[in-house]
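Okay, so chain A shows up in both of these, paired with chain B first and chain C after.
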Partner chain A sequence: MKNCYINGLGCVSAQKTTESGFLDDIVFYDTNILPVINPNYKEYIPPAAARRMAKGVKMGVVASSLALKDAHVEVPDAIITGTGMGCLQDSEKFVSAIIDNDEEFLTPTSFIQSTHNTVGAQIALGLQCKAYNFTYVHSAISFESCLIDAQMKFNEDEASTILVGGVDEHGKHTNDLHRLIGHIKKEEVGSADLIHSNTDGSIFGEGAIFCTLSDEKTEHSYAKLVDVEIYSQLSEENLESRIKTFLEANKLSIDDIDLVVLGNNGDVTFDSYYKTIEEGLFKKTQQVYYKHLSGEFNTASAFGFWLASKIIKEQEIPTLVKINDQPKKTYKNVLLYNQYRGENHSLVVLQSC
Partner chain B sequence: MEGLKLELKEKIIEQLNLEDVSIEEIGDDDPLFGDGLGLDSIDALELIVMLDKDYGIKLTDPKEGKKIFESVAIMATYITANRTK
Partner chain C sequence: MSKRVAITGMGIVSSIGNSVEENLNALLQSKHGISKISSIKTRHIDEIMVGEIDLSNEELIKQLRLPESQNYSRTALLGVVAAKQAVENAGISDINDCRTGLISATSVGGMDMTEKYYYQYLEDETNHKYIGGHHAGDSTHKIAEQLGITDFVTTISTACSSSANAIMLGARMIKAGKLDRVVVGGADCLSKFTINGFKTLMILSDTYCKPFDNDRTGLNLGEAAAFLVLESDEIVAKENKKVLAYVSGYGNANDAFHQTASSDNGEGATLAMQKAFKVSGILPEQIDYINAHGTATPNNDLSESIAIQRVFGSKIPDLSSTKGFTGHTLAAAAAIEAVYSILAIQHNLIFPNLNFNTAIAETGIVPVTEVKEKPINYVLSNSFGFGGNCSTLIFSKN
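Showing the complex of A and B:
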């Protein structure tokens, strides 16, 4: 397998991630719906183009722009975007218009912008990039599907610089439905106490996280992407053996892992997956989580990927993401594990380079 | 007629998401497409739907739209003469 390096990052999230610094001024929320901290979109998108863009598209354009700039790349050889729900706001607008107007008077803008691949398309339009452009829509493994595709592109020598990202935005009606069926917590727990809430459901977020991947290491490289695996179904009983097999395939043992980045979202029913490895295989390993900072969304694991990459480069862990407190060491091999409601599991290994 | 012109300007700004444009910036006779507000073909479709939905005017010939949407003043005159609601 060819080497794959993370050479640039861009992140629009509920934290101040578009500013300099590394989570040194964490924002906590009292609500169960975490909005992103909006960057000044006008600095990145011409007004004429921005007027038809919903928030998700704008976030994606800004995050991708930051990731390319960070890697000193102008135009990539491919753009691969992951999204669980696509451009939700325009989808809701279009469907509402169908109902409200009795299937008449349908306007084109929200329909055109409602497709899942709008973000990747708008990034390409802005860059005038006519290269490979693909969007993966697969719930909580949308972003990881992009990583696998990028690895394959490198292996086939079809690209040397690829922009990869995950984007999801809030949709009011969709969030109302998630609240109704208990996917969003009924009580306002506040983001600070998320993993101790001991109730069903989670807090929901939104965001856009992009990275510039390359088959060549540079002085700016954050880390090396070693491997990615995804599973639509995985039982708690088989989780640890699956992790061992995954690590062995990459010539790594449990002891080689210096840090585990977990997708705990405070849902008492499904966080048991994370508990299994927190108290099992990685009991003596430093563990961190991040969904109290980003909120849960289909591509929230991309925020975990951003966090892991930053930790490897900075060799510092922000205190407020720590689950346990192990003696500080060099963070060389980092394992990321995520799942949503017991389905769509992903394992990713990053390595310092 | 003045009231209708103001109403049209408000609708154009709202429905076409012209966030940076104020009512005062749209002159009654300013061209809406090309050099003026810089609207495009997707905006033209939005305006056709608006005429149908809000004023009961169905444009069947797209060439008609080119003339009607020249400016707010021309739109207002056309709507006044043809509106059904």
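Showing the complex of A and C:
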């Protein structure tokens, strides 16, 4: 088994994550739709090219170039992208144009951009990277599927640096529909109080989070990616035994875990999964969450991955992500757990290196 | 890395048949499934030819005995039918008797329902159940539910190479020892979204598509689903399984040339084929048949021909594109063509490239145009997609 290190990170999110500092100036939102804080795209993309790019592509290009630069890598040996919905705004644009104009006067641009692998493809085109290029599109485990693929690529001796990322953008019509079916909260709770909202649904965000993975550790390495597992279906009753089995397979016990990073999104019906382990297995472990900062989206767990990697490197936990308050200690082994609406669960272990 | 990946089951629904046997019979009789659009309400009904599956959603729902409350897109319905066939064909009685995963591919996902109810959703609640079924992972999730697979379930979407990549990932997971068995493939239904999308790109043929013909004018779209069951050597030995063929090689590369067009020198396709040979450990001269991507667009067929010449030199194996039978079934294309490649190996047959008259002037490649019998040990299958995504699979008899 080869090792897999996180050597670079890039994060475009609803927080000031493209600037220096580590969540020391948190932005709260009163609405249930959290937009990203746009970086200065011109610094990364020529304006003429940027005008033709979907939001997801622009965010992806910025986050990926930050992640590569951070790791001092120019062109990776593979690009693996996760996205739940792809370039959603262009999908909406093309569907509505079909209906509004009764299939006449259509232009191909939004159809082309709507293809799910556009972000990964545009990054490859920009870097002239002819390597392996995959896109995973499976709801809440899109990003984790990328991590599993990347780990295998290292073991196959097919790559020594891999760009992995998760990206999703807001679509107005889609958000309206998700509000109608209660997946977005009907009432505005304010992102600061998300975890205590006690109502159904969540607040929705968007973002692009990329990392450069490598089979070699450098002085810049954030952490080691130890293992990843995904489960399509998992009951609350079986969650703790699943976690134990997963940790045991990695020769870790519950006590070895110094920090758990949880995907709580304020949905009273489904946060019970997290509650189970907050009050159970990890009662005495430091717990953090992040979806009040990023909003919920299909690849929001990549924000949790970014957060965990930063905490391991900085050995510091931003106060506003803490669920409980345990005495400070060395954060060596970190477990990430995420699910969306009780489906598509993922477990990830990161380790300091 | 000497582990083999056995194919022990397959299932398919396409415009030329709703089972493996029906597809084989149509291929042997050169009976294509291309006709004018009949099941989708579109203003292009008289000008566009497609490969439609002759089962309505209602018939599929009845066949699968789904409850009234079901919210299946047509992609999910087709996917479940094909995946169930594959599992049955592999003689699996308990899907969870070993570590089993599902990797599916789709490009259109639940778009057929979204485009139908897009504005109606805002007006009344009648069809709200379909809102959650829009995203690409939904059809996979439903296939997993129907098969009883609960752990490793994921979806790949890389446009028209999607299901080649699903097969590739599955093979790698078996080799890595992460799974013992994995159901792999893809599903895509026809939709106004894709029909109009390809129409705006001006790459649709107004008649039967003519892969590798000098006078080709574009592609026919189609709908389909196909799945394979891949199993490890250990499972095959333990259960004394009949092996249909093996996944022997695979490769994916990016053309990094243009979002929708292939490069003039077929760079990405060349790299994908070369990688597949490296994994397989065989030489190009060992390939008995190439099931080409061959969409019949002016751009693809020339670029692919040049790539094939770069890889095979002057000794180009027998080659055909089966898109003339089924149309281009997008994310399902590589999966249905995997089934055809396996049938070629099992029956020692090459299926014809329909509607061919004149070789492309630049390359002079002449495909096989009649059913041809000969020993087939290795088949190479290409699938290329938007975003420069190029994939090659090699299937073998032993």
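Please note the rule applied: the second predicted complex is superposed on the first by the 353 of 353 C-alpha atoms of A that agree within 3 Å, B and C clash if a C-alpha of one lies under 4 Å from a C-alpha of the other, contacts with A are read in each partner's own complex, and residues count from 1 in each chain.
Just so it is clear, contacts are C-beta pairs under 8 Å (C-beta built on N, C-alpha and C of every residue); 3 or more make two chains touch, one makes a residue touch a chain.
All figures in this text were calculated on a predicted structure; none of them were measured in a lab.
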* Asked: In the superposed arrangement, does A:Ile112 touch chain B (first), chain C (second), both or neither?
  -> both
* To do: Report for A:Arg179: first if it touches chain B alone, second if chain C alone, otherwise both or neither.
  => neither
* Mind working out whether A:Pro47 is in touch with chain B, chain C, both or neither, as first, second, both or neither? => first
* Asked: In the superposed arrangement, does A:Lys332 touch chain B (first), chain C (second), both or neither?
  -> neither
* Name the contact category of A:Lys217: first (chain B only), second (chain C only), both, or neither. => neither
* Winner by number of chain A residues touched, once chain B and chain C are compared -> C
* Go through the superposed model and pick first if A:Val95 touches only chain B, second if only chain C, both, or neither. => second
* To do: Mind sorting out which residues of chain A both chain B and chain C touch, each in its own complex?
  => 104, 106-108, 112
* To do: Report the residues of chain A in contact with chain C in the complex, numbered from low to high.
  => 79, 84-86, 91, 94-96, 98-99, 102-104, 106-108, 111-112, 114-118, 120-122, 124-125, 127-139, 141-142, 145, 148-149, 152, 155-156, 173-174, 176-178, 180-181, 183, 229-234, 298, 343-344
* Considering the complex alone, what residue numbers of chain C touch chain A? -> 1, 42-44, 102, 106-107, 109, 111, 114-115, 118-119, 121-122, 125, 128, 131-132, 134-138, 140-141, 144-145, 149-159, 165, 169, 172-173, 176, 178, 192-193, 196-197, 199-201, 252-260, 267-268, 271, 385-389
* Asked: Any idea which chain A residues touch chain B in the complex?
  -> 47-48, 50-52, 101, 104-109, 112
* Structure fact -> Interface with chain A, chain B side, in the complex: residues 15-20, 38, 42, 45-46, 49, 52-53
